[in-house]
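Just so it is clear, A, B, C and D label the chains in written order, and each chain counts residues from 1 on its own.
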Amino acid sequence: MSANNPYLDDLSRGIIRENPVFRLLLGMCPVLGVTGYLINGLGMGLAAAAVLIASNVVIASLKNFIPPQVRIPCFIVVIATFVTVIEMLLQAFQPALYEALGVFVPLIVVNCVILGRAEAFASKKPVLRSLVDGIGVGLGFTLALGILALVREVFGHGTIMGPGPDSAILLFGEGFEPMALFGQPAGAFIALGLLLGITNVIFKKFNIK
Amino acid sequence: MVINGKLIVSSSPHIKSVESIQSVMTDVLIALFPAALMAVLLFGYRALLTIIIGVFSAMLAEAIWRRKRDLFSDGSAAVTGLLLALILPAAVPWWVVVIGSFSAIIIGKQVFGGIGYNIFNPALVGRAILVVSWGGHMAGDIWPSPQPFAFGYDAAIVTGATVLASRELAVTFSLPEMFIGNIPGSLGETSALALLIGGIWLVYKGHIDYRIPGGFIGTVFILGLLFGGGFYANNLMTGLFHVVAGGVMIGAIYMATDFVSTPVTPVGRLIFGIGCGVITMLIRLWGTLPEGVTFGILLMNAVTPIIDNFTIPRQFGGVNKSA
Amino acid sequence: MRDVLRLSITLALVAIASAALLTGVYNVTEPVIREREERDYLEALERFFPEIDQFETEKINGDTYDLVYDQAGEKLGVMATVKTQGYDGTITYNLAINTDAEIIGILVVSHTETPGIGDIITTDNFQEQFIGKSFEDPIEPGEDVDIVSGATLSTGAMISSIRRALNTVGENFLDMERQAFEFEDLDDGFYRGTVDGTYGPLTVEVEFRDGRIQTIEIIEHNETEAYFVDAYPEIPQRIIEEQKLEVDVETGATLSAERIVSAVKNALEGAPEGENGGGDN
Amino acid sequence: MAEPSFKGGVHPAYNKEATSTLAIVKMPLPQKVVVPMQQHIGAPCELLADVEKIEKGFEVKAGQKLGDNKGFVSAPVHAPISGTVVDIGPYNHPLGMKINAVTIESDGRDEWMDNTKPAGSLDDLSVDEIRKIVREAGIVGLGGATFPAHVKLSPPEDKPIDIVIINGAECEPYLTADHRVMLEKAEEIIFGLRVMMKALGASEGIIGVENNKPDAYKLMERLVAEEENISAFSLPTKYPQGAEKMLIYVATGRVVPAGALPMEVGVVNHNVGTAVAITQAIREGKPLVERVLTVTGSGINQPANLLVRLGTLVSEVLEYCGGISESTLKLVVGGPMMGLAQPTADIPVIKGTSGILALTDEDVYLAESSPCIRCAKCVSSCPMNLMPTSIAQAAEHGNYKRAEELYALDCFECGCCSYICPSKIPLVQWIRIGKNEIMKRKNK
C-alpha cells in the first residue's frame, strides 16, 4: 500500500486491512443485532460512522487539553454526546430507520470501534488524519454491516431494500420460501461466521496482511 | 544376502486391523438399512426419494467441499445424509432435503475441520437448521401417517399428530404397533424394531458402546415410569411408551453414539447417555416441545469435552490420586 | 490538589460543552419530532376512521382514549393509546376500535423491544391476528391469538393490554356488558374443571349446593408459585363472596387468576361428579 | 464359568500356522558373530580388560565372558562360539543405533571353556549360589524384555515372593518359538521353575499357556500332575496376554500397582526360554549363548523355528531360511506388535530376539492416517485402561504435562491402540515420543 501517503493509508486501512468487523471483530453487538435488512445495516453503519468521525475529530482537537487521567471519561462523554445527537436527528428526520435500529443507536456509545479509535488513534494523531481515519473505519464498518445485512436479507427474507411492502424488492418471486434461519439472531452468527471464513480465504489469496 | 528395494522402518505395531473409517461407516450404513427399509415400507415412495436425495446430496456436498471426485470417500457423508433423511418427515420437499444435507456437511462438519473435528452431530445440526428455517415443512406436531406396503401413496396427504404431542392419540396405538413403527413420525424413527436390529449389529461389531444407548434408553424408561404422567395403562407401559415413541431409539442408537461428538471414556459415555435421556425427558414432560431428543443430544454434544476431562479412567493398577 | 482541580475542571468543561450541544440539538429536533408524532397520529386516525370530524379525549387508568365522531356527531369508534410494560421498557401503541367493539387497527408508536425478537409485535403477522377481534372474543393465548415463543414477554404484554383496553372501551364508551355466567339452576354436587396453563393443567373442584358456590378447591396446578400465591386463595374467595364469575382479576398474577376463573367456569359448565367429589383427593 | 480375562486387548490374526508345527532346528555354526555389549536392560557391559588389551586376533572359546558390569542390574555377555576376535567397535544393533560390539570369526571347532560343567544337584545349591550361577551365565528375560534374570530372583527382604509364573502365553502373532520350546523342552522348563522357586522361596509355581496352544498346555498339565505346588494354567487367547501385569492378573487375580514391579504383589514371572536357560546353566554350566527364535512372515521362503547362537547376523539367519522375497516391506526383529522394524539385515541376533519377521504387503496394512474420529476403540482396547488417543493428541501438540496427567508413563507400548485404530493413527509412536519427553523433563 502507499506508505508514502499517510492519508490514503489511513483511509484504506480502516476499510480493508483493519476492517473493524471482518478483521478485528469489534463492535459485534450491532453487527449481529440490526443486520436483518440491508437498509437497517447500512443505516446503523452510517450512524456509527457519523459518530466515529465526529468524535475522532473532536478528540483529536482536544487531545492536548485533556489530561491523560481523565481521558476515558472525556472520550465517553464526547461519544455519548454525538450518539445522542444522532439519535435525536434520526428520530426527527428518519423515523423509520430510528424505529428499526431501536436500542442499538444508544448502544453505539459502548461500541468498542469508536472508543478504540479514539484511544488508539485520535488521541495521538493530528486532526486531519483522525478525520480520514474516522471516515475509513466508518466506511469499513458500514461496508461490513451492509454485506452481512445483504446476505441475511437475501437468504432470510428473499428481498432487498426491505422491510415493508413499499420498498422491498422480491428477488425470487412470491413462491420463494426464504431460509428463516438467516433472518433470526442465531442465523446472524452463522452468517457472520461464514463471511469471516470467506474473507479470510480472500485475504489469504491476495496476501493482504 | 540381497534385499531388494527399501525396507520400511516405522514404529510398532507392524500389523494393523483391516478396519478403517470406511469399513466402520459401511457397517453403520448396513445397520441403518432395516430402518431405511421400514421407512420405505411404511411411508412409500416419498420415503425412498427423501433417502436417496439425502444420501446423494450429502456425499455431493462433501465431495465438492473437499474437491475430491471420490463420491463415497470414507463413507461418513453417506451416513450423515442417511441419518438426516431418516429424521425428516416423509413429505418434505426435495430442496429442503438438499439444503439440509449441505448444511449438515458444511456447517455441521466441514467448517469445524472435517471428519473428526465437528463438535455437534452433523445430521442433527442439519435438522436443527431446517427446523428453524422451514418449520412448516418440518412438520412439528403433525407428521405424515404411515400406510404400510402402499408404495405409491403420497405421504404428504395423510397426517396425524405424533403420539408424543397428543395423549389422546397416544392411547389409540398399542405398544407393539409403536414398536413395529406403524405410527406417525419421521421416516426412520418410528420403527423401534428395525432400529434395534441395527443397533444390536453395531454393538456386535464393536462400533458403538452399549453404555450410551443403554444409559439413554434406560434413563428415558425410568423417568417415563416415574414421571410419565401415567396416562397409559400403567406406569411400566408409560415408561415403555416413552422409549418406543418419538426419536429416542434412533437418537440413542445412531445419533448419541456418533463417534466424534461423544465422550471416549467408558464412564463418560454412560454419563453422556444418561444426560441425553434426562434432557429429553425434561423437555418432553415439562418443556413446551413434544420431543426433546434433538436438543438432548446437541446439548450433551456441547459438554462432551468437559465430560471427557472429568472421567479420565484410572490406569490398570492405579490408585486414587487424592488418596 | 491542584491536579484534582484541573481534572475536575476539564471534565466539567467537556460535560458543559456536551450539554450545550445537546440542548441545541434538542431544541431543533424536539418540535420536529412532536409535530411528526401528532401528524402520524392524525394520519392514523384518518386511516382507521375515514369519516372523522372531531374527537374528544378521555383518560382512564393512565391510557388515553379518543372518542371519534363524524360530521353528524355520530360516534365512529374509539382510538386508544395504550402503554404497557414490555420486555424492555414501555410499549406505546394505538388501538382503533369501532362501535361494534371490534379492533380495526393496531399501530405501535414506540417501543424498545429487542430487535429481531421482541419487535415482532410491530409486524403485520402478529398484529393481524387481532384485527376483527371484538369485545366478545376471549383474546386468550392459545385460544384465538398466539404468543410467539422466544418473545413471550413482549407478545404476552401486548395480548393482555389489548384485552384490557378493549374491555375498557367496551364497558365505558360503548355500553357493552359481559354476559354474566348463570348458574343458579345447576344441580347440587361437586364439579371439576381443567384449563391448560403455561406449564401444565390447572384443575379445580367446585362444590355447588343450594344455588350457591360453596367451596372452590385447587386440585392441581402448574403455575409459577410466586405468582400463584397472589391469585389463590383470593380469587376463589371473591367468587364465593360475590357469587359470580365476573370478578376483577387485576392481581399481581393476572394469568393465574384468569385461569382459576375459567377453570371454575369449565367446571360448572360440565356435569357434577357425584355428591362426594372425585374421591381421590 | 467365564474365563478370567483382563480388560481391553485385541485379537489380531495370529498367523502362527506356518511355524507352529515345525520342530526347532539347530542352525549350523555361523561364520562370524557380533556380540554387542548391551543385550539387556540395565547398565551396558564393559569389555573385560584382557579382551580389550589384546584386541584383534585374540582367540576366544565358546562361553568365555567378554564383557560385564559391576552394576547389579546388568548381565555379562559371553562369546557364543570359539574363534578369533576380528573387530571391536560400534556395530549395528537391533535398537537402531550402533553399539560397541565384539566381532568373532568362527574357527569352526566350537570349543568350550574348561569351566563349562554342571553345577551339581539342585538340592545342594544354596540360594546365593543359584543367583550367582544365573548372573554369571548372563541370563536375561528371553521374552523380549531382557531384564536380567538374577535381579528378579533377588527380591528385597521386605517383598516376599510366593508365586512364580512361567510365561508361556506367547501372545505376539507369528511367533512360535516359545510354543516349540514348551513342546520340546518341557521338562527343562519345569526344572527351571523349580530352581526359581527355590531361589525365591516361593510356594507356588504356575505355568501359563495361552489356550491357542492346546498341545503345549496338555503336555504341561500331564508333566506337572505329579509335581508338588506346580500347576498349569490355561490362559485365554488375547493380545497382550503375555504382558506381565496382564498375565499376573489373569493367573492369580493380583493387580500389580501402576508403576510398580510384580514383586510388589509377591509374584515373579519368567519366560519359558529363561527357564530353559537357567536349567542349562545349572545342569551344564553353559552361559546364555544361544536362543530359539522364529523366522517367519510371508516374505520368508522357508519359515522355521531355529536354535541360533547369539550374535549371528540376521542376514545369515535369513539366508539359512532361503532368503526373503522381493516384496518384503518390513524386516522386524521381535513380534509384529512390539518388535522393531529394521533398515538392514546386518544386525546381530541378541538375547531378546524372539523372532525375525519379513513382512510383505500381505501382513502389513499400509494406509495414510486420517484424523481421529474419536471412536474410542483404542480406549476400550487398552489393557492398561488408558486413553491412547488423548495421550497421543497431547504429545502431538507438545502438551507433555497433559500426557503425563493421562498416565502416559503407564503405557507399555503393547500396540493394541495402533492396531485397532480405524484412522490408522500411529498412536504408540506419539505416546512413545510423549514418554521420552516426560522422562527427559523428569531427569533434568
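We take it that contacts are C-beta pairs under 8 Å (C-beta built on N, C-alpha and C of every residue); 3 or more make two chains touch, one makes a residue touch a chain.
Note that the structure is a prediction, hence the values are computed from the model and not measured.
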Centre-most chain [mean C-alpha coordinates]: B
Selected interface, A-C versus A-B, where C-beta contact pairs are more numerous: A-C
Gap in Å, rounded to a whole number, between the CA centres of chain D and chain C: 86
Inter-centroid spacing, chain D versus chain A (mean Cα positions, whole Å): 71
Between chain C and chain A, distance of the C-alpha-averaged centres to the nearest whole Å: 38
For chain B, residues that touch 2 or more chains besides their own: none
For chain A, residues contacting two or more additional chains: 184
Complex interface listing, chain D residues touching chain B: 6-7, 10, 12-13, 96, 173, 245, 249, 255-258, 260, 315-316, 318-319, 323-324, 326, 328-332, 334, 336-345, 357, 359, 363-367, 370-377, 379-380, 383-387, 389-390, 405-407, 410, 413, 415, 418-424, 426, 428-429, 432
Residues of chain B defined as touching chain A within the complex: 99, 107, 111, 129, 132-135, 137
Sites on chain C touched by chain A in the complex: 6-7, 10-11, 14-15, 18, 21-22, 25-26, 28-30, 32-33, 36, 88, 110-117, 119, 122
Sites on chain A touched by chain B in the complex: 177, 179-182, 184, 186-187, 190, 193-194, 197
Of chain B, residues touching chain D in the complex: 1-5, 7-21, 23-24, 74, 76, 113-117, 206-207, 209, 259-266, 269, 308, 312-319
